[in-house]
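Next up, some structures in structure tokens.
Next come two complexes, and both contain subunit A; in the first it sits with subunit B, in the second with subunit C.
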Partner chain A sequence: MLKRHGLFARAAGIALAAALLAGCAAGGQDQAPQAADTAPAQAPAATEQGGGDAPAEAVDEVLIGLLGPWTGAVAQFGVAKRNGAMLYIDQFNARGGLQIRTVDFDEEGDPANAIVGYHWLFDQGINALIGSVTSAPTMAVVPEAFADNMPMITATSTHANVTVDAATGNVWTNMFRSCFIDPFQGTKMAEFAVEVLGAQTAAILFSNEIDYSIGLTDAFTVRAGELGLEIVAVEVFANEAMDYVGQLTNIAAANPDVLFIPAYHQHIALIGPQSVAAGLDTVMLGADGWGAALEAIADPSSIEGSFYLTGFTVEDESPLVQNFINDFVAEFGHQPNMFAAQAYDAAMILINAIEMALADGFVPDTDEFKSSIIAHMAATDIQGVTGHITFDQYNNPQKTAFIIQIVDGEARFWGTF
Partner chain B sequence: MLFVSQLINGLQLGSIYALVALGYSMVYGIIKLLNFAHGDIIMVGGYIALFTLTFGQHPLIAAALTVAGCTVLAIVIEKLAYTPLRFAPRLSLLITAIGVSILLQNLAQYFFSATGRSFPGHLLLPQGGIALGSVQVAYTSIITILTSLISMVILTILVRRTRLGKAMRAVSEDQDAARLMGINVNSVITFTFAVGAALAGIGALMYSVRYPLMFPTMGAMLGLKAFVAAVFGGIGSIPGAMLGGYAIGMLEVLVTAVGLSGWVDGVVFMVLICVLMVRPTGIMGRSIMEKV
Partner chain C sequence: MKAFTIPTPVRYGINTALLILFLIAGNAITQSGLLGRAQNAIIIQVGFFIILAVSLNLVTGYLGQLPLGHAGFMAVGAYAGALFWRAHILPETLSIVVGLLLAGVVAALFGILIGVPALRLRGDYLAIITLGFGEIIRVVLTNLDSITYGARGLLNIPRHSSFLVVYICVIISCAVIHTLMKSRHGRAILSIRENEIAAESCGVKTTYYKVMAFAVSAFFAGIAGALFAGNLGILVPANFDFMTSINILMIVVLGGLGSMFGSVVAAAVLTFLPFVLQPLADYRMIIYSLMLIIVMIFKPSGLMGSYDFSLSRILEKVIGKALSLGRDKGGKNHGKA
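So, the complex of A and B:
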């Protein structure tokens, strides 16, 4: 008997079983949405702000709703958004005249809870809604809000189907957003490569396991084709991959003018140093996933000279942005991030439309008033802290992006593009 | 030119796998234990190197501390977890090894947090490289390949030419007979663990330079890959582990080079399955008939 063989096969079996179990456990956690029936008990966590001593006018106040996760796993996005939106609303109210009153609801990042929250807010008599924060709750609420003709704007939901009905392809005409959608970034970086860097050839290193990465890659490829930017190499990596040297060596052999890497900062921490080992010497381009790359990477010299795009930077020296930052720091004690800035702009877009609807003579709490807000939001042409914003036919913002370059191991604001 | 570059990539990766696979193979050879905590010893080594380098130690001191730390850790694990089970069924030992692996991962998560930390590889090895003709070869690749080759030569001399090496071979042949011949079996086993862990320490340094991201579970996949390498070469066989390491490293790079990088892990474990089905003793393994 080959006893050794028997023991060994058993051992290998146990190892594989352990790995499988670990995989199942990790997968199971993802798909355990919180029971929605606990929501009504928490619902009246709403606060009312503003109001008070408004001057007497025909219409002196308008009620709007805020929806987002103030607690739970994605609370950091929700709180940032609420802070940004409330800052604009408080500043607006401080000017006197029209007062915007708010009522808010904590949906904890859960789509079912978000629907409960929307109906509760609707019952409070809101005229418009800022929310939600992550894409799934927003997409859950949109059809309901559409049926109610409710003006709605999100600051942070980047999924393509937030403003478009996935089933029919129809646009949710009541739904707007102040953030980039994912593919927009790929388009922008292709344009940047050609128009600013004068690139003739490009390579792409992306993960086919990350929707974000796929979306950016597709958009980059399409725009590159239109602009005559030749894609000389496309390499793929797994989300959890450690080794990129093989792919980077292939890319180095193709010798592209630029390398587009739509990935997150933890990937860049590995790709950067390995690009040196692979002998790659080309300009790397990224997107907003690179945001924390410098904190993640020990030796920033390996990504020196790279460019990436972001929706907001505190280094923009225009007075509008600097005032926003100063006020935000004074109010909350820390620098605003991209989400807070986008929420500030979302509130600005919405309130601007509310003012115009009032100027047209519509009365709050009527259906005509809401329709007018929606029409004015669609015609937005406004300078926000995250850039100049207009909306395309899908209610996605067309705006300038902020380009960051790694110079001397620091993220420097290169300019808007 | 591309081929030569990828060849060097494969050799570098293979060197790391070979160093780790040797630890697996030696321990299996001597007490028939698949030491699944081996990959996690590398993780601990990576963190030791990270902290010593971050605190501004000289690279050589950091390297020495890493190797010493791995060795001490392996001896402690062997004494606390494996020695009490010397005469227990093999399966108990294996389960204990998996337990030690989980313990190390969770301790690391507790003390170092689950967040990845970037490894300052540029403080350990010189950056840049030299041009061999039209091929750019990084210093890190050259140093990794040479270090692992030197380590393996020293190991071979140790096992083949010294009394301690002879004792190791004797214990792996037959523990009871070795004990009757006056060999201190316990200290030989401890020594084997220590040598395997020292090689793992060197592997940890090389791995951290190539993959400069430290996190508590980083050793798990590396350990499994090295395990596949050891099986492929013939577990228990020292030259087999070296050969298996290089073979798996080259295979991974080859799979990536032809554009199937998403399939790398799948192909490696496919190799494990094929070897177990077709030739369970591996390329250089011997099948030992057990007499009743």
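So, the complex of A and C:
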């Protein structure tokens, strides 16, 4: 009896294992084409056709690293970033001449893993790094990369201290980004509320468990104070909260002209419908975290008339942007989001600097080459899909902010601001 | 015939010599660049996971309780150590030692604080109350904005977690817990696991020993937390969520409840595994989980069961065998002559 029992347990275990594997194989299929190692496979063929255009005759390959969460809780950002960056790299390689080869590491959104990943990529001999995605892993890696003089650019880490050492105020000179920083967005939205909407009073609904949310709130509050915009209510929610009616009712009682919600789309999906239930009828303002809000929300009419700021809009008519969108859709089967667009630009900025460093006659895999890449990145002046990009003295991009308005349940491009 | 035994002082001598050799050799290897930098980084992370697992094993494996708030103690220690180190009030070497001790002591105080009420409960009730405690710590750290910088992250923590610092802590924590378990107190702790009522009827002060084990466990978790902070250079309260406690518990269960050697092996395996499986991309999540399931199905007692490695025991066996062989041979020769 006992023996049969054990046998059953084993059989069940094996069956479970088989089922899991089968499910994984099916589920993994659509992910497969996105794998980063598709690029090296294409590389040799491309080198042969276009070898003549190579700027420096000796150098035909440069290895760079990609670091980000392809799995785990923030994988959606990581995969978007990888797709955007790989799209640019593949397009660049297809032109012939210089070939950019990549190695990548999945840090799962964990700072400890990111450090291991960085060292692993370093061991592979990378000349530059695109990564990481969320701010904490990037900030864990930056000091190590700085010590190695490793050129580094992130497409999505918005924390103010990603490029600036918090203790000394010195700039991490090797670190760049192609996204807005948190304070910029908060400041912009406060200005938008006053200058465009003519608001006198504002309320804020934010989460003190999300650094992004805190950063925007702080900047919004400071700028509101300067502009004479009175903050009549500040309410806090937990990252995983499902119920916002209490906070929204308090805000409704304060009756502000605008409500600023620096949060992610999953929060907006809940806050929107609940604001109707709480009897709140005010213009809502958001930032780039709102990006996918319309896809996540059940009832788009509940956020009708809201404005949010973003670094990228698919409604941009310029050929560069439209080509990017078409290529992205052809490659991945869906519209690119802001993260993918910023990653595309990050790859563009980096590869542009690599080309210039090669043109200066530096040899890859040397320290001088890396220094040259860093110098050329700092002098970036490029038209990307998220706008015209130059860097300020803190290595943050100076670029246009797009305002999106929700009209008839659709995200409409309102204008630049 | 009496089995050959190595006298206790000699045993300690052998162990100390080997551990010092391990520290020197390990340090030399990691410094030399013989291994990749990624491997070196993981070896350091293995270190604080060993401390976390061995300290949790004291409560889970030896005391037989199921706390789910180990990440809470780790968090307390991490923030205490990090804040002290950031203040830069002592010369570096002294600062490292004092910071680690402070981290341990603060965590141990919390261990006593939570242990006294919580350890009146048993089994799933204890699990829930410690789980709640872990979450409270995380939420408090998030909201103590002016001190911990909450979700913005505590930045610029001096990176003190070198190989030597981490592995000296590993050795000390393993040695302290090992000797504790070999002592009178250790037997009292084991008796509580075997049968609490019987232990109490024999005069074992069960509440005292439970709280003591809990505090010692928290002390080392705090030290591991400080090492964790010194490794990352940045702390956010989200590092210490419920899943972190579960991960530590997973190491202990996988290694074998009540086996220190098992905890060490499992900490190394589970920290290296995700790295080794990287080339498998998305499939490694499934493989990682499957390996856990398979181990639990085929070896429910964990990788090492309750086996504990003892060099002296092996030496005794080998020497004993050699001696008896020699004696047999000698005997035969005598007979012939």
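By our rule, the second predicted complex is superposed on the first by the 236 of 417 C-alpha atoms of A that agree within 3 Å, B and C clash if a C-alpha of one lies under 4 Å from a C-alpha of the other, contacts with A are read in each partner's own complex, and residues count from 1 in each chain.
The rule we apply is simple: contacts are C-beta pairs under 8 Å (C-beta built on N, C-alpha and C of every residue); 3 or more make two chains touch, one makes a residue touch a chain.
If you're wondering where the values come from, they're calculated on a predicted model, not measured in any experiment.
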Check the residue A:253 against both partner chains and state whether it touches subunit B (first), subunit C (second), both, or neither. first
Go through the superposed model and pick first if A:70 touches only subunit B, second if only subunit C, both, or neither. second
Which partner does A:208 contact after superposing on A: first (subunit B), second (subunit C), both, neither? both
Please indicate which partner A:299 is in contact with in the superposed arrangement: first for subunit B, second for subunit C, both, or neither. first
Which of subunit B and subunit C A:89 touches, first, second, both or neither: neither
Taking the superposition on A as described, I'd like to know which of subunit B and subunit C A:349 touches: first, second, both or neither. neither
Quick check for you: in the superposed arrangement, does A:113 touch first (subunit B), second (subunit C), both or neither? second
Check: subunit A residues flagged as touching subunit B and also subunit C 9-10, 208-209
Flag every residue of subunit A that touches subunit C in the complex, lowest number first. 9-10, 13, 16-17, 20-21, 24, 28, 31, 35, 70-71, 105-106, 108, 111-113, 115-117, 119-120, 122-123, 135-136, 139-140, 143, 159, 161, 165-167, 207-211, 213-215
Residues on subunit C engaged by subunit A in the complex (per definition of touch): 36-38, 40-42, 45, 142-143, 145, 150-153, 155-156, 159, 228, 231-234, 236-239, 274-275, 278, 281-283, 285-286, 289-290, 293-294, 297-298
What residues of subunit A sit close enough to touch subunit B in their complex? 1-5, 7-12, 14-15, 18-19, 208-209, 235-238, 241-243, 245-247, 249-250, 252-253, 266, 269-270, 273-274, 276-279, 296-299, 301
Interfacial residue positions of subunit B with respect to subunit A in the complex: 1-2, 5-6, 9, 12-13, 32, 34, 36, 90-91, 94-95, 98, 116, 118-122, 127-129, 135-138, 140-141, 210-213, 218, 221, 224, 227, 231, 235, 252-253, 256-257, 259, 261-262, 264-265, 272, 276, 280-281, 287-290
